[in-house]
Structure formats: C-alpha cells, structure tokens
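Got some structures for you, see below.
Next, two complexes with chain A in common: one pairs it with chain B, the other with chain C.
Right after this comes the complex of A and B.
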C-alpha cells in the first residue's frame, strides 16, 4: 500500500464526518439563520431578531415554557431515582434474577409510540386502570382528557418506557465499582443503607450525572406522546415547547417562529450539557469510571 | 435488618416493578386476541378474566394486514436494514481512523463527534427538514436513511474498541505487507464482532423507533414507516381497539426478537458509552 496517510484519513473519516456535518451541524446553523426570517405568503423576508422578540411578548410561548419546565422538573428526578432503584435491584445476585432482569428490560424493546397506544387504551375512562381502580372503589378518572391529569399521565407513560433504558447505564456504572470497596465497608460494620449513601452513590456520581443530563436532553425534546395523545391540550396543559414549535412550523407554516423556539430549546440544552461537562470533570470519583 | 427480611423486601420490590412493566403489555396482548366489542368486558366490575383472551379470535391481526400493515413493516425493515448496513461501514471506518492514526486536531474532532450524539435527533429534526428539502429528498427513502447513517455514538463505540486492540497486531500485519483496509477487514473486524452487534442493534432500533423525523420528512405518507403508520392508524380507526393493540404488539415484537437473544451486546454497548461519556 503506497497510499499516503492523508488520503487514507480522508477516505476513512470523510463519510462519517461529512454526514455529521451536513445532518447534525448544518441544521443547527440553518435553524439560527431561518429564525431571523419570516415567511408571509411564501415570501421570505429578513426580520432580524423579531421572531425572538415576538416570543418574549407571546403569552403562548411563556405558558408553553412553563409547561416544559414543570414537566422536566418532575420527570427527570423521578426517572433517575426509579432507574437507580431498578439498577440496584438488577445487580442483586439472588435466585431467579435472570427472569427479573429480562422483565426489567422489556420496555427497551417498546418504542414510545407503542407505549403511548397501549397506555392510551389502558387509561381510557372505560379502560383497564379505571376497571382495576373501580374494584377498590375509586374513579373512574379522565386521565388523558382532564387538564389536572393529562401532563402527569404523559409523565407516567414516558417514565414507564424510559427507566429501563437509563437503568442500563447505571448498571454499567455499578458494575464498575470494585466489590472490595463495598465488602470493606461491610466489614467495618456499615449497614446496607450507609453503604448505598456513603460508598455506592458517591462512586456512581459520574454515571448518575451522565444519565441525568442525557435524560433531561430527551425529555426537553419529548414530542411523540403529546402529538399522539393530547395535541397539547386539554387547555394547553401538555403543550410543551417541542410541540409548540412543531405546530408553529408544520401546522401554521410560521417556520421563523418554529426555528426561534428550536434555537431557544437547543440553547437551554447546551447550557445543560456545558454544566454536565463542568460537573463531570470536577467529579472526585474519577477512578470509578 | 435480618438478611431474610432484606431478601423478602428486594423480591417484593422487584415483583412490583415487574408487575408494572408486564401488566399493561399483557392486557394489550390478551385483548388483541379479543373481538373489538369484548375489549372492555370483565372490567366493570373488575374480574381477572379481563386478562384472558376470551373469546379468542385473530380477526384484529387479519384486519391489520388487510389494511396494509405488511407493507409498512417491509418499509421499516428496508430503512432500518439499509441504515444499519451503511452505518456499520461508515462509523467503523471513522472509529478505525480515530483509533489508529494521529492527526492535528484529532482530540477536538473526536470531542465534537462525541458531543454530537448527546444532542438528540429531535433537536435538529425541524431544521433538518429544511436541509433535506434543499436536497430535494422530501418523501424519498433517502431522507430517512442518509441523515441517520453517520452516528457519533457508533463512531465512539468503534473508536473505543479499536483503541484497546494492541498496536502490535497492526504493526505485525503492516510488516507482512497488508494494506490498511485488509488489516481492518481481517484483523480488526473479526475482533470487534460484539461491537458490531452493539452498534448495529443501536442503529436498527433507532430507525425502528423513529417517529418525529419520518413524520416530518414523508408528508405525503405514501411510504410509511412503522411508528408513524401506527399513529396514523390510531387517528383513522379510533375505536378499533383490538386492531390498535395488534399493531402495537407487532411493532414491539420485531425489535424484541432481536433484543432478547442479543440483549447482552446492547446492554454492554450502551453501558460502555455511558461510563466513558
């Protein structure tokens, strides 16, 4: 082979890097660019920051932002805590674990739209959950059509589908903690609870942070359940920003506003990712990686 | 706490979790084998018979396929299969380059690749629509396949694995006069089979589960992939509950058939990326 390393490098790297540049990086630039334009009757005009200024005074945007933040404030800690509980169970060495491990992994094979369809029917006023609750004298509840319940139903569905996925990362982190450390703590007389708080969780910190941030990223951009279940309603109670942007761009044809919302969303996410890298690099438990 | 009590508590918690995961699925599967007018039978008042497929019928599945669900499955297998095949080649090549060659700016480029997979597809789906329409690919299969081929996580998985292969293998093969492509194919690829399976599964599942992007990129809905097809089905046949369940069961079944035998690789691939991430 007489090919020079440069040709070689280009040949091996170009397909992947070009793909990432065109279909990942360029769209971000394009979103920025298009958010500075407005389309009226097919005519595109430059409006500068008007789309962003418009958002600031747009009560619909603020309401949607509030829904998004409230949704994330609940769903992310909930998912990480439940995923951690699942992971701690997953790594137990007890008879019959193989069956439980398989059952815990089931929701990974189920896509969010599938979970949504199944849960939609489970949550109907005449559905399975209301039937089961009726047996103990509760309900029926309008889980998906009442503004008091709809957002929490979406949180429940996304959590049901999501936690197994996050569990996998935490299981990986748990398995990287040398068993001798826990064993030593046990011999020192630390209870299981103390070992969890004083040994396992500090050593798991980098993985927990990774999962938390990756989870926030996914949930900030959650779309399918809102699209399929509620269309943002009832009374805007589930109208997250991602759905607001979709409606702007693809229902009302206002791409400028849609892109401005997407840019705001991605900017918020970048801040979160930046915080993650800061926290990760200052993590004291680096050895556990 | 005595060890026996502790064990009991753990089993109890695991049983609750397993129950919550399995019960809605079980009801969906059982009910997909019921006639539509018996869907909500045995619920008010609630009896455990609600969890049995009685009276048993496969009419829901027959109806789904009569309504063209077979073509939707074939479409999705085509998109996911193409993406997986192309993605393995493209991302393995890049991982190989990052692992074996030194070049200026390497760590910066690698860093960008890693960051790119932390930004989910949803974040760029709407601007990507503009990119793909500039390319004239709206409503073409290429719109679904090409943007998903290059994948930062897959590059990273291959990079991570190839980096662990002792450099001696490469040097020895070089001395025997093998070209870099031969070395990749006959030394590195056979070693990295588990990574290939991890990355391949990831690419496949990603496409199988894609929803927002196919919804935007294929507005004519002539070529429907499975998640969008299912959602459209939901809008069209609002109260054909048993068929909706049947469609959901089939949509979940196909990735399960891959994941159950290969779960080890999938889990290792994901867990590895998280720890190093």
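Right after this comes the complex of A and C.
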C-alpha cells in the first residue's frame, strides 16, 4: 500500500475537490466557453469576444447593470445593518427575548418560494398591506406593478427573508467576545454607543466581513423573487443582470449573450469581494501603527 | 483614596440568593482579600461593589458616598479581571488610555498619567504592542496599569493571578504587594487560593454560601478561627479534626478509640459531642496515646507530610525533617493539648474557655 502523505491528501480531499470541480469550476468554464459562441438558426458558431463587445453597446445590458448596482447598493448595507441591530438585541438578557428570538428565526424556516407567494398575497393591490394602509387613509399602492415601488418591494422581501440568517452569524460573533471586555469598557466609563463603536464592532470585524461578502454574493446573484414576482418589470425596474441573463438564454435563446452577462457578473463580484477583503482586513493593521 | 462600607448587602438571581446579607467595613488604604471555595459568592460580591451587578438589598458606601445605585463608571472603582479583559484590537497605550479617551481627559494630562503608570509597572517599552504580543504576566501588568491611570478610590481584583503559572504567580504576588505599599490604595482582592490570601492581605474575609464566616488579620484567622469552616479552609494540609465525646471525667474520647485525651477547656458538659482541631505542624509523632497507621508520606525536601489513619479519620502531620517510614507502618502520636482547639460538633462553632 502506498503510504505517501501526498496520496493520502489527494484521497481525503478528492470528494471535496470533485464536488468543487463539477459544481463550481465546470459551470464557470462552460460559461466562459459558451460566451465565445453564438447560435444562429440553430447552428453554434464561434464568435470570439463578439458577445462581450455587443454588451458594451447594448442599452438593455447597461440598464440592467444600473438596476443591479442600485439594488445592491441599497440591500446590502440595509441587510447587514438590520442583521447587526437584531443580533445586538438577540444577545441581550431581557425579558421576552425568547419570543423575539423565535419570531426572528421563522423566516429562515420558510422556503423562499413559499415566502414569495405569501408576500405576493400581502402586497397585492387588494392585499393585506393595502387593506391596513387603507384603514388609515393611505393607498392603495401598486407595490409590485409600479416602477416606483417594485424594486423596493423585492428589497423588502429579500431583506425579510435574509436578515435572520445573517443575524445568526453575527450573534455567533458577538457571543465570541468575552463579556468581561464589555464590562471593562463599561467600568472605564464608555457609553453604550462608545462600547459598540470602540469595542464591539472592531472585535466583530471578521464576522462582519464574512457576512458582508456572503450577502453581496447572494444579492448579486438574486433571481427567484424577481422571477416569481415581477419578471423583471414593470418597465425593467427590477430587471437585475441575473434575470436579464435568464431571459437572454432561456426566453430569447441567445445563450452566448446570457453566458457573457454571467461572466461579467462573476467578474464584477470578484472585484467587489477583493476590495472588501482589502478594506476590512487591513483596517486593524493600520490601527496598530 | 477612601474606605468602603457594605451594609446588609444581598443579591439574588431569581429565587436563588447568592449573597445573603454581608456587613463589612474596609479602612482607607487597606488590602482586603475575599477568600472562599468556588460558588461562595466572593466574585459576585466584588461585582456588586463594582456595579456590574445590581444590589437586591443593602447599601454600598465608598468614602462617605452612597454608590449603591450609581453607574459603575462613576463609583471611583477600577477592576482587574481574571481574564485581564484587555481590548485585543488596541495597543497597550490605547488599552491603558481607553478610560481617559472616552472621558475626554485632555491629551497632555492623559499622556502624563499614562507614562507615569507605564514607568511604575515597567511597561514603557511595551506601549506600542498589542495584547497578543505580550506574555501572561505582562498582560496582567497592563490590566493593572489600566486601573492605575484611572486613579480610583478602590481597586478591585478578581482572581487576577489564576491564569498565570506557579512561578509567575509568586512573582506577581510580590509585585502586587509592593504596588499596594507604594500606592497606599484601598484594594479588594478575590481569590480561592489561601496562600495568596495569607500573603497579600491586611485582613481576610472568609466567605461561605454568600455569608461572611470571619474577618481578621491572616494570622489571627489561622490561629484563632471562629468555626470549623474557617479552621479547615486556611492552612495546607488543612487542620486535623477528630470528633470526640466529653466523658464524665471531663476528658475527651475520640470516636473509634478507647483513649481519653485531656481537654483544653475544663468543665464541659459530659456527653457533649465536640470536634478536636489540631494543625498538622502541631501533631507530634513517636509517642503518645493515639495509635495511627501510616497511609502516605510526602517528602517535600524541607518538610515531610505524613498522612495517617487514626480514630476513624485521617490525620496529617507536618515534620521539619526527613522521615524514613513508608506506608503501613503503625506508630503513636500526640495532639498537644495546648495547641488544640475545640469546636461544637452540632453548630460547628468554636468552643472558647
């Protein structure tokens, strides 16, 4: 029997590597490859970078990119801030916290399609929310069919569904901070606000970095609520790049363009994540100087 | 600096009362050690004084000021935690200056106080390091430094040496003692280590189950304990206890023996059950009325501990010489009457003549 540690390493890593290759590397490679082809009259033709060049002058792509960036600019800070606020509440030892914890864990247990259907019923013109608003003399609003509201409705639903999940990570991070450190800060005269800014947040930085990166990744690739609620409309106001790629590939049959969009999306994501890592992980080093 | 007074202090967590009525006065500049087994409430008592826990009943006075409901930061106390509780993302300088930073102390004054404390604790060279780059002893000094720069009226130490290795603990103990002498500050020190208590304290407060068992100077408590608990808690190996019954003759017969020992206290009621206490260093081996069987012999070089079975219990003797006898030997011993103490077997209280 071969006792070389290299063989053992390969053997034990093989299942994970295989999974990574099949489910991550292969699709990315396939997307890259497909993005270099186009299909005309049922025939696949190599076109080089033409799909990418086409995107540059494609107003539909640019509009979709703007929607995607705006969507992410709002939803990511919102989700992380709310998740942090909830996590800070979650770790308090106050009466009634058990109920609060249960309430905020429910969204995690509900599958996304079910949640989206429920929210659709809530947000319909004759739905629950408009009924409630009507009782105080407001509305009705077209939450899902007005270009002014639709994107924000999707942000609200995705936030509702997502924050409890991120909250759990942040709760874990908070519980890792020894309580004496906060007590010491309290004895030194730091206010609750100062303790949060000067002690808790710096110590929570690694967890925050992870949550921010993972959250941005998920939101850049968000698809299901758009697919189920608005179909990218009204008037393209919710037409994020993932949905644009889906339409391009599966509705209009232009797989080359779809793949080019996906590759652009992944490239943007990599750049954003790299910038975040630099910003958030270099900050403590600066402090040391 | 100022003293401290606790009056009728109680603390309950839900239905469980942890501190069951503590009255205590601590003089200005005194170093008082709270000692007791784990769960006795000593750390809770310290946290009540610090303000990290709210008081259920009673009063805390620092100097002449009632601080019972005052915010921890405004009580004039500084605390050193067992885990040091340093801010890991800050340098030593930032850690020590944290309180002055949040309280907006003018920069020049803050720097001066910080330099002074750093010099006192030999931390000047380490000011720009982070806690992770320091040894345990250095971290402990930073935690003490952070307390000193605040110039508190009372220093609180919560088992500050428990995370250090034995050698460093002895060294830091001496440093703390010297620091107390130099600062002349009022200090309260919590430990479960009776050696720390004996060596550091001006006075020791022995706690059990949320109550003060006895307060006094270390040697006073050692020589003159009020009850079985204090007698047994201070000293290592602990005091030997033999349950005995007072005979018609006034002499004491230990359980499981046929011998009568003279009583250190005359005129006890015959039939009364008492506990004879005798410290290991006072047990005399070689001759005497009691027969004992050697169990183990611990040779420490400068002294020898002999553990024996005697009168239905175990007796330890401390000898200041080498001792050749091994296990299973049978020998005779004496508990010198003048050096024994009597306790009531029912109430555990000391019987004084």
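Everything below uses one rule, namely that the second predicted complex is superposed on the first by the 266 of 289 C-alpha atoms of A that agree within 3 Å, B and C clash if a C-alpha of one lies under 4 Å from a C-alpha of the other, contacts with A are read in each partner's own complex, and residues count from 1 in each chain.
As a working rule, a contact is a pair of C-beta atoms (placed from the backbone, for glycine too) under 8 Å apart; a residue touches a chain by one contact, two chains touch by 3 or more.
What you see is a predicted model, and the numbers here were worked out from it, not measured in a lab.
Trainee: So if we stack both complexes on chain A, do chain B and chain C clash, or do they fit?
Mentor: fit
Trainee: Which partner does A:198 reach: the first (chain B), the second (chain C), both, or neither?
Mentor: second
Trainee: According to the stated criteria, A:138 is in contact with first (chain B), second (chain C), both, or neither; which is it?
Mentor: neither
Trainee: Which of the two partners, first being chain B and second being chain C, lies in contact with A:190: first, second, both, or neither?
Mentor: Only chain C; A:190 stays clear of chain B.
Trainee: By the touch definition at the top of the document, which applies to A:53: first (chain B), second (chain C), both, or neither?
Mentor: A:53 contacts neither chain B nor chain C.
Trainee: Mind working out whether A:271 is in touch with chain B, chain C, both or neither, as first, second, both or neither?
Mentor: neither
Trainee: What's your read, chain B or chain C touching more residues of chain A?
Mentor: B
Trainee: Have a look at where A:73 lands relative to chain B and chain C in the superposition and call it first, second, both or neither.
Mentor: neither
Trainee: Answer with first, second, both or neither: which of chain B and chain C does A:218 touch in the superposed model?
Mentor: First partner only.
Trainee: Counting only touches as set out at the top, which of chain B and chain C does A:94 meet: first, second, both, neither?
Mentor: First partner only, chain B.
Trainee: Between chain B and chain C, once the two complexes are placed on the common chain, what is the minimum CA to CA distance in Å?
Mentor: The answer for the closest chain B-chain C C-alpha pair is 10 Å.
Trainee: So which positions on chain A get touched by both chain B and chain C?
Mentor: 191
Trainee: Per the contact definition, I'd like the list of chain C residues that touch chain A in the complex.
Mentor: 50-52, 72-74, 77-79, 81-83, 85-91, 98-99, 102-103, 128, 130, 146, 150
Trainee: Under the touch definition given earlier, write down the residues of chain B that touch chain A in their complex.
Mentor: Residue positions touching the partner: 1, 6-7, 10-11, 13-14, 17-18, 20-22, 24-25, 27-28, 31, 39-40, 42-46, 50, 89-91, 93-94, 96-98, 101, 103, 109, 112-113, 115-116, 118-120, 122-124, 126-128, 130-131, 146-150, 152, 155, 178-180, 208-209, 211-212, 215-216, 227, 230-231, 234, 241, 244-245, 247-248, 251-252, 255-256, 259-260, 263, 266-268, 270-272, 274-277.
Trainee: Where on chain A is chain B touching in the complex?
Mentor: 1, 3, 5, 8-9, 11-13, 15-20, 22-28, 30-31, 34, 85-86, 89, 92, 94, 100, 102-114, 117-122, 124, 126-128, 130-132, 134-135, 160, 164-165, 168-169, 171-173, 175-176, 191-192, 206-207, 210-211, 213-214, 217-218, 221-224, 227-228, 242, 245-246, 249-250, 255, 258-259, 262, 265-266, 269, 273, 289
Trainee: List the residues on chain A that touch chain C in their complex, please.
Mentor: By the definition above, chain A touches chain C via 178, 180-181, 183-191, 194, 198-199, 202-203, 284, 287-288.
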